[in-house]
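The letters A, B and C name the chains in turn, as written, and every chain counts its residues from 1.
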Amino acid sequence: MTAQSAYIEIRDLVFSRGNRRIFDGLSLDIPRGKVTAIMGPSGTGKTTLLKLIGGQLKPDSGSILVDGHPVHKISRAALYTLRKRMGMLFQSGALFSDLSAFENVAFPLRVHTDLPEDMIRDVVLMKLEAVGLRGARDLMPSELSGGMTRRVALARSIVLDPELIMYDEPFTGQDPIAKGVLVEMIRQLNETMGLTSVLVSHDVPESLSICHYACIVSNGKVIGSGTADELRDNPSERVQQFLQGLPDGPVPFHYAAADIGDDLNVAARSGERS
Amino acid sequence: MRQRTVEIVVGGFVLVGLGALLVLALQVSGLSPKSAESSYRVYANFNDIGGLSVRGQVSLAGVTIGRITDIQLDPETYQARVEMAINESVDIIPSDSSAIIRTAGLLGEKYIDVSVGADETYMKQGDTFYGTQSALNIERLISNFASGK
Amino acid sequence: MINRIALFGRGALDTLASLGRATEFLFRSLFAVPQIATGFPLLVKQLYAVGVLSLAIIVVSGLFIGMVLGLQGFNILSDYGSEQAIGQMVALTLVRELGPVVTALLFAGRAGSALTAEIGLMKATEQLSSMEMMGVDPLRRVIAPRFWAGFISMPLLAMIFSVVGIWGGMLVGVDWLGVFEGSYWANMQSSVDFGEDVVNGIIKSIVFGFVCTWIAVYQGYDSVPTSEGISSATTKTVVYSSLAVLGLDFILTAVMFGDI
C-alpha cells in the first residue's frame, strides 16, 4: 500500500498511563476503504489506541494523522468537527440508557443536522433495517440483549454516514450466531459504504476472516502485520503464539514477579530448620 | 405525549415555588403594596427610647397607623429623634398630640402610642410631636423606689 | 518521619489538584451555554428529575419541622406568657435558617446522590465517551442542564419548605394549642422583614443550590468508573455537600445577620 491511501497514519506513538508505558514507539498505517484488524493480548491498550485516534486521549509524543489532520494538535472545535466523520462502536454499546433504540439512533442526527422530523424518521428506520432491528425501535436499552445492543449501537455509529468506523472488541461476549451476524455486517458495511474500518479484537478467527489487513500489537509495539495469510506464515514466535493461542511462549504465562522461592519464604524456612 | 406531561408538571413546580415567594412576601413579612405607597413622615424627640427599634409599630387607640422608620441621636439636645411613617389615610392627628413609648405585655416589644390632643389643625409631613413620654424603665423605677426618692 | 511528611504533602497537593479540576470543570460547563432550542427541553427534563421529584420529601419534612417548631416554641414561650410570639419564632427560624439549610441537606441526599450515581454510571457504561466520539460535548449536553436544574430548583424548594413549615406551625399553634390566629400572623408580619429575612434566606438557598449541585455533578463526572468508584462518589457527594452547606451557612449568617 502507498502512503497516499493511508487514512490514519500513526508515527512513533508513545503513551503512558501512570508509570506504565502502554505504547512505546508504535507506528501504523490504516489504509483507506479497507478493514484493518488490530489484534493483541488483553491489556495491550487496544482500546486506548482507539481513544487516541478519536482524540479523547493525547499522546506523550509521536503523531497521529487522521485524513491528514493531526488529532492531538488541532483545536477542540476542529476535533469535534472531525469526529462527526468518525463512528465508534464501544465494547458495551454505550447506548444512552434514558432513550429508546429509535431515539438513540436519531441522537446524532438531531444534534448535528437540521433535518425535519419525517426525514430523521426515515433515515433512522433505514439504518435500523440495515442491522435488522427495525421492529425493536421502541425498546429501551435495558430491554435489548447484548447482541441487539451492539447492533443498535452500530446503527447509531453509521447514521451520519461516517468515513471511518472503529469497532472496539465487537465480538467479545457474543454467542456464535451474534458473532456471525456482526462479522457479516462489518463486511457489508465496508463493501457497500466504502468505509474505512478499524477493528480491535482478540478474536483471531473472526477478525482474520473479514480483515484485508491485520497487525498484532504487543508490549507497546507492532510485532507483526500484513494480510491474514502473511500473518499465518509469519515466522515470529510471538505472532504464532498469539494466533494459535498457546498457553506459554514468549508471552509468559506468569505475570512478572519475584522468584517463587523467595516469595514463599522457602529459603528462610529451610534456613530455620537446618 | 410524555415530554408534554413533564413540561406541565415542571411548569406547575415553578409556579408553586413562585407562589411560595408570594406568600413569604405578603403573608409572612407583611409586605403590602398599600402601606408602601402612601405615608407621610413625622418626628418625635424622646429622652429615653429604652429598646424601641426601627420597624416598630405606631398605634392610635390600639390600631396600627404607621411604622418607625429611623432612630437617631440629636447631637445638640442629647435626645433621641425618632422618624416614623404614618399612613396617608390617617391625616387627622391633632397637632398637639403626644407620642408615648409603651410596652406590649410585660416583656413584649416597645411601640409608640399616639395620645390624641384637641387642636383643630392636623399634623403633616415633617412635623414634630408636641409632647412625648419616654419609655418606662423598670430598672430605674425600682432603684428610685429603693433609694426613697 | 520524612515519609509521613511526604505523604501529607502529597495528600495536600492531590486535594489542591482535585479542587483545580473541579473549578475548571465548573467553568467549562457554565460557559458551555447551550443553544436555547435544544437546551431547554433538556433543562425541563432535569428540572423534573431534580426539582419535582424532590418535592414530596421537602413538603413532608417542612410540615413536620414546622409542627415541631410550633410545639417546642409554645412550650418555651408559654413560660414567659408570650405564646402569641410563636408565629414570629416559627417564621424567623424557618425563613432565615431551617428553610435553606434543611432543604439543602435533603436535596444533597435525594437529588445530589442521584445526580452523582447517574453521571457516574453514564461514565462507567461509556455513554459520556461515546457522546464525545459523536462530536457532542458531554459537559454541554449532560452536565450543564443538570447543573442549572439544581441551581434553579433549590431556592424554589426552600421557599416551598418555609411556607409549608409556617403552615405546619400554625396547625399546631393555632388549631391545636389555641393561639389566636390573628396574633400568629400579626406578630410574624411585624417581625419578619422582606428584605432582611426573606431575601437573605433566598440568597442562602441560591448559594447552597450552586454548591450542592456543583459537588454532585463533579463527583459523578470525576468518579472512578467501577461500582466501588460510583458508591464512594455518591457517599462523598452527600458528605461534602452537608459539610459545605453547614459551614457556608455559618459564614453567610455571620455576614447577613451578624452586624445587628
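Here, a residue touches a chain if its C-beta (ideal position, glycine included) is under 8 Å from a C-beta of that chain, and two chains touch if they have at least 3 such contacts.
Here the structure is a predicted model, which means the values were calculated and not measured.
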Innermost chain, where centres are averages of C-alpha coordinates: C
Farthest-lying chain, centroid of Cα atoms versus that of chain A: B
Centre-of-Cα separation between chain C and chain A, whole angstrom: 43
Centroid distance [mean C-alpha coordinates] between chain C and chain B, Å: 35
Euclidean distance of C-alpha centroids - chain A vs chain B, Å: 76
Contacts with two or more other chains, residues of chain A listed in rising order: none
Residues on chain C engaged by chain B in the complex (per definition of touch): 41, 44-45, 47-48, 51-52, 55, 80-82, 85, 91, 95, 153, 155-157, 159-160, 162-163, 166, 185, 188-190, 192-194, 197-198, 202
Interfacial residue positions of chain A with respect to chain C in the complex: 51, 54, 56, 80-84, 86-88, 90-92, 94-97, 107-108, 110-112, 153, 160
Residues on chain B engaged by chain C in the complex (per definition of touch): 3, 6-7, 9-10, 13-14, 16-18, 20-21, 23-25, 27-31, 55-57, 105-109
Residues on chain C engaged by chain A in the complex (per definition of touch): 38, 121-122, 125-127, 129-137, 141
